[in-house]
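Here come two complexes built around chain A, the first alongside chain B, the second alongside chain C.
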Partner chain A sequence: MRIRAFEILVAAGLVLLFTTAVLLLTGAPPLEAFALLVRGSFGSVSKLARVLTVWVPLTLCACGLIYTFRIGLWNIGVEGQVILGAVGATWALRAGAGHLPPGVLLALAMAAGVLLGAGWSLAAGVLRTRGGVNEIFAGLGLNFVAQGIVLWLIFGPWKRPGVASMSGTVPFPPGLWLPNFSWGRLSPVALGCAVAALALTAWLLGRTRVGLFLRAVGGNPRAAHLLGLPPERYLLLAMALAGGMAGLAGGIQVTAVYHRLIPAISSNYGYLALLVTMLAGFRLGPVAPIALFFAGLNVGSVQLPMALQLDSSLSGVIQGASVLAVLLAHGWDVRRARRQA
Partner chain B sequence: MTEPSPVLLAANVVATAAPILLASLGETLTERAGLINLSLDGTILLAAMAAFAVAHDTGSVALGFAAASAVGGAVAAVVGFAGVILGVSQVAVGFVLTLMCRDLAYFLGNPYSRIQGPQVPPLPVPGLADLPVLGPLLFRHNAVVYLSLVLAPALWWVLYRTKWGLEVRAVGEHPEAAYARGIAPRRVQMVCAVVGGALVGLAGAAYSLALKPGWGRPQGAEGIGWIALALVIFGGWHPVKVALGAVLFALLQVAGIPLQEAFPSVPAQVFQVAPFPLMIFTLLFMGLSQRESVERWAADRTWARRLVRAFRGAAPRALGRPMEGG
Partner chain C sequence: MHIVLDDIHKRYGRVHANRGVSLEVRAGTIHGVLGENGAGKSTLMRILAGYTRPTSGRILLDGDEVRWRAPAEAVARGVGMLYQDPMDFLAMTALENYALGRRWVPPRELRRDLEARAAELGFTVHPEMPLERLTVGERQQLELLRLLSLGVRVLILDEPTTGISGVQRETLFAALRCLADEGRSVLLVSHKLEDVEALCDEITVLRQGAVSGRAERPFRTRELLEMMFGEPPAVPRKVGSTPGAPIVSFRNAWATGGRSGLRRCSVTIREGEVVGLAGVEGAGQNVFLRLAAGLNRPYRGAVEVCGAPVRAYRWLRQQGVAFLPAGRLEEGLVRGLTVLDHFALGRSRIPFLDPWRGARDRAEEGIRQYRIRGRPETPVEALSGGNQQRVLLALLPERPRLLLLESPTRGLDLESAHWVWEQLLAHKARGATIVFSSPELDEILMVAERVLVFHDGALVADVAAAETSVAELGSAIAGRAAPPPPSPDVSVTAVETP
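For the complex of A and B:
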């Protein structure tokens, strides 16, 4: 899906109009709210670090989603794959603390996150290929199950000594935290992971046969099968790649951001990454800047409740409206071109 | 605390089923015309918020319900416009709207969080309400529950016994053929989207004005939209079977309450996810029963054949695919 600049302009206008209308409906000053969003996200270096901290999991998940979209799958289960990645990393850190050097342990924790994320994704994939369950429902159901698992762990086997609470498990000692840059709370390792995922995806899809095969199977599974490409294997490969990257994002949330398992460990980043990928027209190129835009909205909206007594879900409204506006503008444009042809 | 009687528990199931019936049957109508409205989960929340806010500000529960159905119809109209008129992926638009409507509901509903508001008054049916067993079971509810009870037979009658219903099904199976027969598929699809969406909106109002009165974040209706979407598949796109599934689901929800009380240390959220593995298993069962190997296995076993046949339900053939040409 190639989106023209004209469509983006129309969509941006629509989003601005819609958001202003929503703000006026609640009696909030629109200009002040917009200014707050910008200042709250890109206003200082420490805020920029926070934006990039959100950008990392969004980018990782969105990269993974490129594979599943390319083969024609709606991997809505990405949210649960982030959660399972976080569970995997927490499990590894809990099991290995004190037995292994921190560097090795952190690497193992990330690997455990990748494995569990990929496994959770493969569960949805197998339900689809062998069980005939639509991947949207399989993934969505598994998201809720993953959320249940986290709550059960936090209130059950992994509860804090004394009283279990929504604040999560006991924080890990600082020795098991991924180190931050000196200028802000942002982990260079996390940032490196996201950049590496972007590069790996660009290489796999652009320079190897994997990208071509994924597109072939997605476009016409029967023809691909006749050409000797097993559709099921590529379907599961795409799911595993997506789940692995989402699991890595979950592992990073544990090792670099929260340093423990919390109930909202995935922060809706999986669902948000679906919106990022859709807004990117299901292509890799625009993923990084769009994820930055979305991360900025997320961080900027944190101050809304304090400053203007507004709910922070305004960011979600703007993000959703952006994708909807682009889909509509693009659809309109395509229809117009078709009619003129 | 006195032990609740089985009749009152059953009446509770009927009340719990009301919004699920409204949402899943509304979606059944939409999908029978070939359109998927995936935005149910967000639509229900936005409609619930709108219903509560309007009812609170005007003091009129009826206006609250009107607002909810208007919201549901409007969201569905966006899905319809994008999917049917523009030919944009219905799954994409529906999914975006799910997330956006939920956030919009939380944002706009913020001032109405955790405040007292009006509720639907019970409306016992004169004469019938005093019947033994049936009275408390069916005739001492509110107007929404009555609507949900007659909806399944009504929708069945419309779909299978009226000319318009035949047109809806024709459009859902093969819009181009329907067009050639003089039906306007896009108009039929838009009407089914808006009417179905309005029913989904009523489901939202049934939560915020009756079943889980009030508004908050979370409201408590989160996830129900997805269940309703899965129920349409479970019911094989047949209104009566979809309704049976909805009642069955409500029964499980009510049955889960004592279970929750038995394990007070487990947070309520863990129980709230219980429907979803069930949803996966049900869809898995549905998916497997469509397999040829399973059909062959069931062919010489009477009970298995009946079971497989009872769950057989093909999706409308043009589901999710916009009409070409025209």
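For the complex of A and C:
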């Protein structure tokens, strides 16, 4: 799906109109609310650091989703893959604390996150290729299982001494935290991971056989088979890549952001990344800016309740409306073009 | 109804599909629109039927100019079209499809109406059968009845004889004759000379988007061919050879698939043979080809290819076995990928290398050698059907051992078909074995050395092409003749052609 600049303009106009209408209905001053959103996200260096902290997992998940969309899979299970990545990292840190130097242990924790995320994704992939289960249902089911596993771990084997609580496991000692920049709460390693994922994805999809084959299998699995490709292998590869990146996002949430496992460790970033990817027209180019826009909305809306007695879910309204508006504008454009043909 | 098309132009971007076509059809006549693939026949008819809008030009019905905004408007004014790929709903029953495009009528009444109309034209209908279980010919008959019941007085048929049986063709032609005699106008689009010659009162020939000639009964074949192609196409010559060791052998193989599956099939094909598979659509030929290609497995019996029990298709492909599917965009090519991308697929072996490096040269070479009208950057779905077929042929391995081809010239005009066979027979001259299916007996007799005839899932005849005739094959296909079925234990060897 190729979204044209014109469509983006139309969509942006629609979103602005719709959001203004919603704000007017709730009795809030729209201009002030928009100003707060902007100041709350990009108003200062420390706020920018917070936005980028959200941008990292969104970008990682969205990069992974590009692979699965490219081959025609709806990897709804990305949410669960983030969660399992977080579980993997937590497990590695708990098991290795005190035995290994912090640097090595952190690297291992990230690797464990990647592996568990990829494994969880492959489970959905194998259900699809071997069991004939649609990946949407497999992924959705596994998301609930993943959430269950986290709650069980927090209230069971990994519970805090004394009483287990929704605030999660015991925080790790600061020696096992990924270090931050001096100017804000943002980890350079996390930022590097997201940028590396963008670069890797651009290279794999644009310059290698993997990218071409994913497109071929996604476009027509039967033709790809007859042309000598193994479609199942590439389906699983796409799932593993997507799950690995989502798992890395989960690992980063544990090691760089929360420093422990919490029930809402994924913060719904997996689902949000699905919206980012759709808004990007399933192409890699627009992923980074759109993820930044979404991250800005998420961070900027945090202070809305205090300043305007508005719920911070306004960011969700704008994000959802953006996707719908772009799809709508694109649909109009396609219909107009078809009528002219 | 009297139809005039006046100076119709249609441009698709840089492609000029119709260049000032004018055409007149008198009421009560059958008018043929003849031309090779890509001559602009379908475009012109879609314009008349309201499916496509012309870039310029006028359409006059009984002297009134009309401008369609949708096909439904054309149908309301009495102009209906049977498209080459039937536009119907496979998951719905025949009766449900029949009910489309009209106001609600009680199903019982509608069913009586359908059956009465079918009886009038000698059609067979199965009102409660889902469409996916009907043959192309039966679906075509249903669509024809639906258009007639909507009051259509101008009937356009786009390549109606593609994919239907000989009997269905006879029924269809008799029905069209009858409809014309009742005063309706019929436009028959075809690239098959025998169709238009058999049926039409008048013929307009299109070539490269423009009218290249008109003719009235009686037609002279040579003149028509010259209008179509400029010069009559050359017939490819058979290459004789001595068959070698067995390369494909079926031993009492049973399999599902197609309309009737494959039953108790025993046969041996030897290296260097060219074998044609005849039969009505779905009688077992394509199941046979897919078994040999490792795309389907027998549930009983054995299939050996290249001296080993048949393995996965990918393994066979590495042994030099290639399978060409009949559905070009369904199974052969990937929509959205360019010609260049297709050449890049399956060539490089290392996952992280640039697959396009070196592919451009091969793509340009293939485009030149196979005379594909398109560029390396053209997406395959933008190519015409004939050019898609050429891409598929260009993608075949350079030195194949065994070619398994499903209707390799489907939808190609005579000249392109002959040209394709020249390329394929060149593979044979280098030692390849060719097994192909085709709905055209003439084509089978033209290139094959040996013919296997399938009827209702069984191999009913195995004859040397030099010693048989269209009539003999035709009756075997229909299951009328009863030649001794090949015994399950003795493999039948080819008869050498000199």
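Points to keep in mind about this one:
What we mean here is this: the second predicted complex is superposed on the first by the 341 of 341 C-alpha atoms of A that agree within 3 Å, B and C clash if a C-alpha of one lies under 4 Å from a C-alpha of the other, contacts with A are read in each partner's own complex, and residues count from 1 in each chain.
By our rule, a contact is a pair of C-beta atoms (placed from the backbone, for glycine too) under 8 Å apart; a residue touches a chain by one contact, two chains touch by 3 or more.
In this text, all values refer to a predicted model and were calculated from it rather than measured experimentally.
Of the two partner chains placed by superposition, only chain C is touched by A:228; chain B is not.
Applying the stated contact rule after C-alpha superposition, one finds that A:310 touches chain B and leaves chain C untouched. Counting residues of chain A touched by each partner, chain B versus chain C, the larger count belongs to B.
Using the contact criterion defined above for the overlaid structures, shared-chain residue A:140 touches chain B, although it does not reach chain C. Of the two partner chains placed around the shared chain by superposition, chain C is the only one that A:220 touches, whereas chain B remains out of contact.
In the overlay built on the shared chain, the residue A:106 is in contact with neither chain B nor chain C. With both structures placed on the common chain, the touch criterion links A:209 to chain C but leaves chain B unconnected.
In the superposition on the C-alpha atoms of chain A, no part of chain A is touched by chain B in one complex and by chain C in the other. On the chain A side of its complex with chain B, the touching residues are 22, 25-26, 74, 76, 127, 131-134, 136-138, 140-145, 147-148, 151-152, 155-156, 263, 271, 274-275, 278, 309-311, 313-317, 319-321, 323-324, 327-328, 330-332, 334-335.
Within the complex formed with chain A, the chain C residues making contact are 12, 52, 313-314, 317, 323, 325, 329-337, 341-342, 344-346, 348, 350-356, 395. Within the complex formed with chain C, the chain A residues making contact are 207-210, 212-213, 215-216, 219-220, 222-230, 341.
If you check the complex, the residues on chain B that touch chain A are 38, 78, 82, 85-89, 91-93, 95-97, 99-104, 106-108, 110-111, 217, 223, 226, 229-230, 233, 265-267, 269-270, 272-277, 279-280, 283-284, 286-288, 290-291.
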